[in-house]
C-alpha cells in the first residue's frame, strides 16, 4: 500500500501501532476505573493480560507496517524497517516488563491499572520518539516517553527512595530536555525546518553548514540524547533513579527507554546530520570513551547489585555509542543487534535481582547472592549466562554484539576506540565475575532466607531471555540479516534525501 | 671384511636389565625376598660376563680394525640429526665390558654375604643390576647421546645406592650431592655434544672421529671448547677437581657399592670418555695440558687429604680420587693406553681394597652390634691387630696395598709407572714445561700413596687391637661368599699388570729377563691409533729420555725403589706408634687439622655457592616474583578500583552536582563542536 | 539633549530577542546549578523553556509561522511537566516535610 | 517635535524596557530565598516575555503566554507552594558562594555560545518569515495564522499532545492523591 | 591396511574431529542430568569412549603430508564469512591425543579428591575438554578464539568452586590475566579480517586465507605483539607467569593436571600455529627472537631457582612448569627442525610428567591433607611403590636420559644451539638447576627420618591409583627409548612450517647482513644450511 503524506489522513495508517496501543491503554484505563471505581483494592488480574494483548496487537500492526511504502521521505513519521525493528524491541521490552513484574507488584501493593496504562503510553512515546522524522514530533515523543516513566519511577509512594529517585530524574530530565529543545530551535533557525529529511537536504546543499547554528544545535541535541541514554557525564541521575525505582520499572527504563533514546539518537544523527559526520563524530567518540571507562571503573566498587547493574547499563550505553561513532550502515546494524541482546540480558539480570531482593527490596547487596547458585541452580545458571553475556563472552549474544560493534568501528578505522572498548569490557569482567563468584564460590548465608519461588510468567521470561542470548551467541545469523535490513532502511533514507 | 660376528651383544646389556626387573618385582612383592635376588642378582651379571668373554676371545682371533656397530632401532631421527640405538663393539668397549661384568659379578657375589641381613636386600640387587645395565650402555653406546644415557643412568643408580639407607639424612644428602655435582658435569657433556653436532652434523662416534681431523684445525678454539666441556663432564663423573667433592661423601653407601661404583667402574667413566674421544682431545693441546694438569693436581691434592683420615673408607675414597687423577694424567698427556691400563689395574686392587674394608667393617659391625655398642665401625682408630682375626682379608689387602703403591711385580707398578713415565717422555714441544711439573707431582703423589696405604694397613691390621675387650671375641673372618671374591681380585692384582709390560724393561739390570709385551697397547691401537697419529704429526715423537736424563727403565726402577722405601719406612715408624681408640684420641692440630678437614673445601663451596644461591632464589621469589611482578599485576587492579572509588564518590546524591555535571558536559560538547 | 536614535533603530528586535533568550536560558541554567529548593529548580527550568520559546518566536521572524506553532507545543509540554513535576514534589514532601534537595540523598554512592 | 514622535523608535525602546524587566525578573527569581518572591519575579519575567512576543508581532503567542503560562502554570506553582506551606520558611536554599560563581561562569559560557551561534545573522536561513506571517495574519487573523498550520501540517504532534496531557493527568492523580 | 579401510567405510575421517569436540559437551549434559552418584562413572566412561575414538587418528594420520587432515567444515555465520572448519596436522594431532589421553586419567584420578558437587565438577571438566580440543582443531580464527575463551569459564569454576583457601583470588587472577591477554588478540584477529577484506574484498576468518594477507612490517610487529601476549600469558612465559603458581596451588588436583598437561600447551600451540606462519617477518626479526629467547631462558633458570625454595610441593611443581615451557619457547623460536620437534616432545613429556606429578601430590594430599614439604619425610619406608613412581616422575621432569623428558630438552637445546649457541649454553644450565630444585623435594618427602607420627600409617598406592599412574609411566619410558613414532608424526608438518616461515620472511631479510651470533665460533653455518637462511641471526 502506498502512503502519500500530502493527506494527513494517511498518518492513521502510518501510526497504526501507536494508535492501537493508545486505544488499548485507554480501554485498560476505563476497565480499571469501572471495575475498581474509587475503592483501594488491586486491579483485576485481567489487566496484565489485556496489556499483553495490546502489545501483541500493536506488534501485529507493526508487522503490517512492513507492507507500506511511502512516496518521498518528507513525512513526519518514518516508514522504514528501522522503525519497525525498534518498535518490536519496545513492545518486547514492555511484554517482558509485564511478565516479570507480576509477583513484585502484588508484594509491593502496586497493582494499579494506571501502571500498565503508563507503560503502554510510554511505549507509544518511544515509538514516536524513535520513529518520527520531525524534530518537533521527536521532542513530543521524548516527553511522551519520559513523563510516564517519571511517574513510574515514583509510583511506589511508600518508598522514600522511589520518590527521591523520581524527583531527581524528573528535574534533570526536564533540565536536559530544555537543552534538547534549544537545540531544536537552533537547528530550526539554521536549516529553516525541523524535518530531518529536509535538514539533511539542506546540509547536503551546503547552504547551512557554514553557520554555527547547526553545530551548536547538534551539541545541544546530543546533550538531550546523552541524558536519555545515560552517557557520561549526563549519567549521574541513572544510578539514583534506577536504584529508587521499583525493580521492574528499572528494568523497563534500562531497556526500553534507553533503547528508544538510542534509536532516536541514531536516526537523528545518521539521517538528519549524516552529512555532518565530521562535526559530531568527535562528540560520539568522546562520549563513548568517557562512558565506557567511567562507568566500568565506578561499577568496580559498587556493592549494591542494583546500582552495579545501573552502572553496567551505562557502560553498555558506551559500547552502543561506539556503534554510533562508527556512523556507517555496519554501525547501525551492530547497534540494532546489540540492542536486542542488551535488552534480553538486562531484563534477565534485573529479573533475577528482583527475585533475590525479595519483599521490600531488602536483599540488594552482593552478600545475599552467596551460594545462590547451589540453593537455586536455575537462577544461578541463567544469571551466570546473563553475566557472561554482559561481560561479552563467547557463545553468548553479548560477544557477537561486541564483535559486531568492533567490526563497525574498525571498518571506520577507529582502532583506538576499539581497543578502548576491549579494555573497558575487560574492566567489566571483574564486577560481573564477582557476582558469579558470590553465587558459585561462596557458601550460602545461614539465615532464614525465604525459599525463592518464581511465577510461571517470570520463569518463562528468564528462559526466553537465556535462550535468546545463547541462540544469538551460537547462531547469530538469524538476527544479523534483520539488523542489516533495519540499518540499510535507515541509511537509504539519508541517501534518498540527497536525491530530493 | 673381518670374519667376526659378535654373539648376543645386546644380551650383555639386556641381562642386567632383566635382573633389575625381576628383582624389582621381587622387591615389590616382598622387600625382604632372599632367594630370587641371590640367584638372579649375581647370575645375570655373571652371564653377561661369560657372553662378553666369548666375544672377547672371538675378537682376539679376528683382526679388527674398525668397530663393529649393531643398530637396533632409530632413536632420534630429527632433520639432519640421526641417532640410533646402536651398540659399538671394539677393543676399548669390550675391555670395559669385561671389567664391569667381571668385577661386577664378583662384587654382586660379595654383596650376597655383605647385605645378608639388610631389609632392602631385593631392592639392593635391583639397583645394582640397573647400575650394571646403565654402565654397559655407557661403554657400549655407539654415540654420545646414547653414552649420555648410560652416563646419567649410572649417576642415578649411584644416587639411589648412596642413599640406599635413606632414613639417615646424611646418606640421603650424600646421594643428592652426588647427583647434583654430577649434573654440573653433565651440563658440560651436553654442551659439548651440541658443539660437536653443530660442527660435524652427527653425534655417533664413527662419523665424528672420522670427520674430526678434517673438521677441526689442530688446537682450534672450537675443538678446545668441545674437549674442555667434555672434560667438565668427565671431571664430574670421575671426581676431579673441582667436582671431586661428592665422591668422599658417596662412601655413605654400602661398601660393595663403593667398590663397584665409586672405585672400579662408574668413576672411571670419565677416563673412558676421554679415551673414547681421544681423537678430539689429541687435537687440542690446551685441553691436554688442562686435563693432565687437573689430573696431577687431583692426584696430589687428594693424596694429601688421604694422609690423615681415620675413616677407612674415607682413606680409600681419597685414594680413589687420587688414582683417578693418575688416569687423567695418562689420558691427558696423550697416552690413552696408560690411562686405560691404570683404569683396569686400579679396578682390580681398589675393588679389592674396598671389599676388604667391607669385610673388616662387616665384622666390626657385627662385633659392635653384638655388644650394642655405638662406636664407629669404620674408624681405623677402633681397629688394629685385626690380622689374627681375619687372615684372608689381611693378606689380600696387603697385596692390594703393594699393588696400589706401585711395588713390583704387582699390577699397580706397571700401570702407574707407565703413566709417570709417559708424563715425562711426552714432555716435548708445547707440553715440555707443563708435563715435567706433572711428572714431579705424580712422583710425590706416588710416595704419598704408599704412605697412606701402609698407614691404613698398619692401623687396621697391626699393632694391638683397640676394638674393645668384650667386642674382641665377636671379631671373625668374613664368610666364604665374601672372601672368594677377595682372593680372585688379589690374584688379578698380582698378575694384572703383566698384560702390558713395557719393552724398556729389558734395559734394566735385574729385571731384564722379564718377557715384555705391550699387549694392551697393541690391543687398543685400533681405538687410540688415530689420536697417536695426530699427536706424532703435530707434536713430534716422544722423547726416549726422561727429565734429567735417564731412560724409562731407570725411572721405573727408581719409582719402585721409592715406593718400597716409603712402605718400609712407614711400617717401621707407625708400628711403634700407639693409637688411641676413636673417642679417646685427640683432635688433630695445625696443618694436620687442615688436611683432616679436607682443606675445608666443602665449607668453602657451601659459603661461596650453595648459600648464596639459596639466598638469591629466596630473594627472587619474595622480591621479584611476589613483589615486583605480582605487585604490578595486583597494582593495576587496585589502581582501577581506586579510580572507581573516586568516580563513585562523585555520586553525591545532590541534584546540584548532577546538574553541574550536565552543564559541564554541555560545555564539553560545545567545545568539541566549536573549537 | 537628543539621543542618537539611529543606533537604536539600527538594531533588530528579533536578533536582540535571540540574545535575550540566551541570557534568560543562562540564568535558568545557573539557577538549576546553585538552587536546592525543588520548586525553584523547577521554576528555573520553566525559565529555560521560556527562553527557548522566545528563541522560537524570534526565529519565526526569519523562518516563518512554524516557530510560533512550536511555542504552542512547548507550552503544552511545559504544562504537562508542571502537573507531574509538582505532583512529585508533593509526594516527596509527604515523606520529608521539605522540598530542599539537600535532604534528599538516600540515593548516592 | 512631531517628527521626533513620529519616528521615535517606540518598539525598540519598549523592547529594551521589557528585556531588562525580563532579565531583572529572572535574576530576582534565582536569587530570592523566598519561593513566593521568586515566583512573583518569574511571573514578571513571563509578562515581559509576553510583551516581547507582541513586539515581535506574535500576538496570539503573547496572549496565551499570559493566559497559560503566567496565568495557569504559575498559579499552579503558587498553589503548590501554598499547599506545602512553604510561604514563610526563609531558610536559604542557595548553595555556597563558590557554587554561585561557578554556576554563573558555566551558565554564562553556555549562554555566550548560544549568542555566538545566533549572532551571525547571515547564517540564519532567510525565508523572510516576518512578511509571510504578516500576510497570513492579514487574511486569516492572528489566531487563524497559527491554527492553519497547527491543524494542517502539525496534526500529528497536536494529537500526541492530547495523549501527553492525559498522561499528565493520570500521573498527577496517581502521585498526588492523598491516600497511599 | 585393513583397519583403515574399515574406518573409511564408516567415514571416520570426516566426522571424527567434530565428534571428539562435541561429544564431551553431550557427555557433560548427561553428567549434569544424571544422579550424583553416577556422575563420575559417566564422566569416566565418556572420556574413555572419547579416547577410543581418538586412537585411530594415530594410525590413520598420514605422516607424508604437512597439510591439514580430517578436515571438516560448514558455514556458520555466513554473513561474516565465519565458518565451522576443523582439521589437524602433525602438531595438533599429537596435542589432541595428549588431551584425549589425559582426560580419563584426570577423571579417574579425581575420584577421591572431589567429594562435593561432583556432577557439576565432572560436567565442567568435560566442558573444559570441549574448549581445549576445539582450540587444537579449529582452523577458523573466530572459531579458535571462541574455544580459546570458552575454555576459561569451566576452569574458572573448577578453581573457584573446588579450590583451596585462596581459590577466589586465584580464579579471578587466572581469568582476568588470561582473558585480558586474549582480548587484544581478538582485536588483532579482527584487524587481519579487515586487512583481508581490504585486500581481496572477501570476508573470512579461515586460517588458510588469512595466511595470504600481506602485512607491512609495522603491522606485523603490532599484530605479533597482540597475539604473542595472549599466548605468552597462557604458556606462561616469564614475566607473565605469576598467575600459574596461584592457579595451580589453589586448583583441585584434576584442575592442576588439566592445566599443566593441556592448557599450557595451548599457548605454545598458538605460537606454532598462528604466530610463526601469520607474522613470519616479526617472528624472525632478530630483536624479537632475541627477546623471546631471552625471556624463555630467564624463565628456565629463574623458575628453577624460585621453585627450589618453595615450601609447598604443588607450588614447586607449578614453577617447574614455567621452566619446562621455557624450553618449549626456546625450541620454537630456534626455528630449527630439532628445536621445534624438541619443543613438541617437551610439551608431550611435560604433559605426562607434570600431570603425573600433580596427581601424585594430590594423592599425598588426599592422605595427609597437606602439601607442605616439611610435613612429610621418610615416606619411602611406608609407601615404597608410591615413592618409586614419584621419584621416577621427578626424574623424568628433570630430563633423565632414557625418559621422555630428556629427548625433548635435548632436542630443543640442540636445535637452539644451531642458531643461538650462547643462549643455548645458558639454557643448558637448566639441567643443573632442575636437579637443584627437584632432588631436595624428593629427599624431604620420601627420604630422611620418618619422624612425623601421622606419616607412619600412610597407605601405599591403591589399585585405582596405580591404574591412573602406570599408563603415564609407560608412555614416559616409551617416549624416552623410542620417540621416533612421535617425531615422525610431527616431522613433515614442522619442516613445512619452517620452510613457510623462511620463504615468507626471506625477502624482507635477503639484504640484511649476518649477525655475530650466526658466525660465532661455536655454531658453524655450513653444517646447517636451512638455519643460516633464517633471518633469526640477521641483525
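Per-chain numbering from 1; labels A, B, C, D and E assigned in written order.
The working rule: a residue touches a chain if its C-beta (ideal position, glycine included) is under 8 Å from a C-beta of that chain, and two chains touch if they have at least 3 such contacts.
For clarity, every value in this text was computed on a predicted model and none was experimentally measured.
Which chains lie in contact with each of chain C and chain E?
The common neighbours are A, B.
Report the chain whose CA-based centre is farthest from the CA-based centre of chain D.
With centres defined by C-alpha atoms, farthest from chain D sits B.
Based on mean C-alpha positions, which chain is nearest the centroid of every protein C-alpha shown?
Smallest centre-to-centre distance to the global C-alpha mean: chain E.
Count the C-beta pairs in contact for B-D and for B-C, then report the pair with the higher count.
Of B-D and B-C, it is B-C that has more C-beta pairs in contact.
Would you kindly tell me how far, in whole Å, the mean C-alpha position of chain D lies from that of chain A?
32
Need the CA-centroid distance for the pair chain B / chain E, whole Å please.
Here chain B and chain E have centroids separated by 38 Å.
Averaging only over C-alpha atoms, locate the centres of chain A and chain B and give their separation in whole Å.
Chain A and chain B have C-alpha centres separated by 81 Å.
Hey, how far is the Cα centre of chain A from the one of chain E, in Å?
Averaging C-alpha atoms per chain gives centres 45 Å apart.
Can you list every residue of chain B that touches 2 or more other chains, as numbers and ranges?
Each of 637, 648, 651, 653, 655-656, 659-660, 663-664, 666, 670, 674 in chain B touches at least two other chains.
Return the residues of chain A touching two or more other chains; collapse runs of consecutive numbers into ranges.
Touching at least two other chains: 136, 140, 143, 147, 150-151, 154, 157, 168, 171, 175, 182, 186, 189, 192, 212, 215-216, 239-240, 430.
Of all residues in chain D, which are in touch with two or more distinct other chains?
95, 99, 102-103, 106-107, 110, 113-114, 116, 118, 124-125, 127, 154, 157, 161, 164, 167-168, 171, 173-175
Chain pairs in touch?
Every pair of chains meeting the touch criterion: A-B, A-C, A-D, A-E, B-C, B-D, B-E, C-D.
How about chain D: which of its residues touch chain C in the complex?
Those residues of chain D that touch chain C are 7-9, 11-13, 15-16, 19, 22-23, 26-27, 29-30, 35, 38-39, 42, 45-46, 49, 52-53, 55-58, 60-61, 64-65, 68-69, 72-73, 76-77, 80-81, 83-84, 86, 91, 93-95, 99-100, 102-104, 106-108, 110-112, 114-115, 118-119, 121, 124-130, 132-133, 136, 145-146, 149-150, 153-154, 157-158, 161, 164-165, 167-169, 171-176.
Flag every residue of chain B that touches chain C in the complex, lowest number first.
648-649, 651-656, 659-660, 663
Okay, in this complex, where on chain B does chain E touch?
Residue positions touching the partner: 27-28, 31, 73-81, 85, 123, 145, 148-149, 151-153, 156, 159, 163, 166-169, 172-173, 175-176, 179-180, 183-184, 186-187, 190-191, 193-195, 197-201, 221-222, 225, 613-614, 616-618, 620-621, 624-625, 629-630, 633, 637.
Going by the contact rule set out above, which residues of chain E touch chain A in the complex?
Against chain A, chain E makes touches at 76-80, 117, 145-147, 149-150, 153, 156-157, 160-161, 167-168, 171-172, 175-176, 179-180, 183-184, 186-187, 190-191, 193-194.
State the interface residues of chain A toward chain E in the complex, per the touch definition above.
The contact residues of chain A facing chain E are 374, 388, 393-395, 399, 403, 406-407, 410-411, 415, 418-419, 422-423, 425-426, 429-430, 433, 437, 440-441, 475-477, 480-481, 484.
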